[in-house]
Structures are given as structure tokens and as C-alpha cells.
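Given below, in the form of C-alpha cells, are the structures.
Here come two complexes built around chain A, the first alongside chain B, the second alongside chain C.
Let's look at the complex of A and B:
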């Protein structure tokens, strides 16, 4: 199924600001982030830790709602969902 | 008023507009681009989510401190040293609540609003590291 990816700041520079990726039906957030990581050489070092899980410093939103805790790995996605990744914020 | 905008703003006008009949204290915080040896700074935002999050922070502050008014304006785009970055104006009945609320709002912005800064220097560019994950 197809999901839309949005990325900001240094992740936007690395992966692009908005694009679609294909993931398996009922893919979880972790699967999507791994697919994003595979979309560019070296992407794994940017988004994943040594175990292939999402780095703690990567902030993840699904359909504009922040995903926290265990759901960062396990929340299941639906066709057409929008997943957003960005680094820690630095405004103000 | 909650805004994420490219154009500059007039702090005096926004501070004046915070006054209501029940207001006894207006406290403002104005963030400006510091000269850290930079030539310019780019501010990037996830604009829709940034506005939503600023509105949530305003609502929390209004409820927690019993405020009369809250104005938050945050700029994005390319800024130079000395330019305005962010203005917070808090109107309250008494000063203690206004001071506390203003600090609460700027601390909350730095913690959760999706805005990032990239600094440009003679040697190149660097992202300002965020303090909160």
C-alpha cells in the first residue's frame, strides 16, 4: 500500500520534503521508517539504531498526530496515511 | 493571536493590542537573532502543526494562569542578525501570573513546536541542535 512521507529540517535535506513509499499491508510505523531509511544510501544511520529500531531522537507523526512510546514501533498504518519525521525542534 | 509568518511584525503594536479593561499587567518576550558569528539564519516550520501546537500552548497557559490575552507570533524564512524571531505577549490581571505565563510559553515552544533553525557562517551551514526529543 502507498503512504505519504513528509520530512523536515535535516531529514528533509537527506530524504526529500514529501514523497510516497510502498509498504506492505498493515505495516507498522517501524516498517515505514525502515522503508524511508532504505530510500537513500546511508539512510539507516540517520533514522535507525543498531537493532534497526527507530532512533529515539527521531520524532514521528502519523496524520499530524505525534506517536509516542511503544506505538512509535508498533502502530499499524493504513493506505493513504501520512507519516512525518523530524529531528528535535529548535524554535523560539 | 497565533501566527507563523514570514514578514516582520511591530512589537509595540502587538503589546498595545494586548490591553483589555481587566488587564493590569502586560509581559512580553521578544526573541531576536543573536550574533554568534553567523551571516544569516533560516527558520523552517511544519507550519500546520506548528500553528496547532502554538494554539494548544496558548490554551494551556490561559487555563493554568488565568490570563486575559495571549499573542504568539513566530517568524520563519531567512533572518539576519538582530531580526525578530518570536514575540510572546501575555496580558493578565496581575504581574505574577503574566511573568510566569510568559516563561511557560517560551519554554513550551522550545520543547514541542516543530520549528528548526539553520545558521549560515563564513565556513558553512549548521543546524541548531534541538534540546528536546
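Let's look at the complex of A and C:
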């Protein structure tokens, strides 16, 4: 099934601003993030941690609602869902 | 009773009084802002709050000016290298607008001094560069019920959020797991852009607009010149502004 990805800041530069990706039926958020990482060479280093999960600091939204904690592993996506990824910054 | 604007003040603010009224200008003159950090974000924040006529600016920073600050910290010049930032900032701001009061505080934020620094302020402007310090500020904003405008930058990009305790997510709801506070590269224009977005939000809020830009994280991407926002929600279990059930 197809889902839409919106990426911001350095993720936009790396993966593109808005694009569709194919994920298996009933894919979880974690699976979708891994698919995003695989969509560009080196994407895993940018988006994932050593365990292959999305880095904890990354803000993830599905259909504009925040997905955090365990929900990243359990929440299942549906055709046409929109996933947003944003890496917060720290400098001042 | 608020004192009327002087003839000099009317002349200084002649181009903005038609927009905000004399009452608005008096409101700004009677406002007190805490600017936490006198660096890349603190520079445009302080300059534009001073330019707009915000009457009392308390600015905190423990550092001295170094040459590598000058790509983005537009409060300072080459001649300020080695001087305490808040001392140079106060001098610059007072020469820029002698009608305002600038209170320099050469300290780091800590759990010990934060309550006194926030007390009496109308709004807090987060121009810090570590989340450890930001969370100290955020907690005190919630405890004292003082609105806070968060800002942060990295590379060509930055983020901004208006935090109104009790009404919007606090910083701990937005940033569940902070990114590393590494010495990240930053373009001066990113700090300038976010600092101005923060100053704009602060001035709107001080003038009485308490409805615009709530519960969102504003994102600036200078690599493609785009401004976006993503919605943010309060976390009912937040250990700072919620019931604390998510502690740890």
C-alpha cells in the first residue's frame, strides 16, 4: 500500500520534501520509517539508531497526530496515511 | 496610571504607532521580557524587542564574546571580543534605544537562580543552546505561569513554539527526547530568522494577541526558504505540565 511522507529540515534535504512510498499491508510506523531510511543510500544513518528503530529525538506524526514511545512499534498504518518526520535542533 | 508617551517616544515610534496605537506602545513600554541567552537567537531578539520599545529587557548569559560568534551574533563587533556578552549587549541596546531599561545578568541558568530570574517577567524568550538549560527554564515557566517562546537552530534550519502554561504543550511535551547539544554548525541567517519569529510572537503576545500560533511547532528551512508548522499536543502525562504519569 502507498503512504505519503513529509520530511522537514535536514530530512527534507536528504530524502525529499514530500513523496510516496510503498509499504506492506498493515505496516507499523516502525516499518514505514525503515522503508523511508532504505529509500536513499545512507538513509539508515540519518534516521535510525543502532537497533534499526527511528532515533528517539525524531518527531514523528501520523496524519498530523504525534506518535511517540511504544506506539511507534505498534501503531498500524493504512493506505493513504501521511507520516511526518522532523529532527529537532538544539543550537541557539 | 500609565505615563503618556514623551515627544521623543512619539517620534521614535511614529512609523509603528499607527499599527499598534499609543496604548499598544505604552503596553510595550510597560512590558518586561527575560531573554535567556545572548547569542545567535538572543541577538535579533534583543535588538528587535529594543527597537519596538519593550521597556525592560533582562538578558542572561555567562559567556564572553569570541570571534567565532560573529557569524550570527549581530549584537557584537570585533571590538567586543573578550568582553562579557551581557555587558556588550546592554551597552549596544541602550545606545540603540536609550528609553528602555536593560538588565544584564552574567550568570548561567540553574535550578538555584531560575525562580528569581523569571519572577516579575511578562514573557520568557528561550535563546539558549542546550536542552538541559531549556528544561530548567520550561519548568519555571510552568510553575510561575509565565508564557515562553522556544527557539532553536541548527544548520540552515530552526524551530519556534509559543508555550502558554495551562493552554499549550510545554517544551517537555514537544521535545520528549532532546537531540544532542553538540557544537552544531549554524548559519547566521537561521538564527536571525528564528530570533525574529520569536520577537514577533513576543510582541504580538505582549500586545494582547493570546490566540495566534498556539500548539504548533513552526519550522524554518533556510536551505529552500520554506516556513511550515506541525501541530503539537499537550501530553496529559507530562512530568512538567501534566499529571506526571510519564515520569521516567
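Just so we're on the same page, the second predicted complex is superposed on the first by the 88 of 92 C-alpha atoms of A that agree within 3 Å, B and C clash if a C-alpha of one lies under 4 Å from a C-alpha of the other, contacts with A are read in each partner's own complex, and residues count from 1 in each chain.
We adopt the following convention: a contact is a pair of C-beta atoms (placed from the backbone, for glycine too) under 8 Å apart; a residue touches a chain by one contact, two chains touch by 3 or more.
Since the model is a prediction, treat every value here as computed from it, not as a measurement.
More residues of chain A lie in contact with C than with the other chain of the pair chain B and chain C.
Once the two complexes are overlaid on the shared chain, A:68 sits against chain C while remaining clear of chain B. Contacts of A:50 after superposition: neither chain B nor chain C is touched.
Touch criterion met: A:9 reaches chain B and chain C at once.
Shared interface residues of chain A, touching chain B in one complex and chain C in the other, are 8-10, 12, 56-57, 59, 61, 64, 84, 86-92. For chain B in complex with chain A, the touching residues are 31, 43-46, 48-50, 52, 74, 85-86, 106, 109-118, 127-133. Residues 8-10, 12-13, 17, 56-57, 59, 61, 64-66, 68-69, 84, 86-92 of chain A are the ones touching chain C in the complex. By the touch rule above, chain A contacts chain B in their complex via residues 6, 8-10, 12, 56-57, 59, 61, 64, 84, 86-92. Considering their complex, residues 37, 39-42, 126-131, 151-155, 157-159, 174-182, 184, 186, 191, 217, 219, 221, 223-224, 226, 228, 230-233 of chain C touch chain A.
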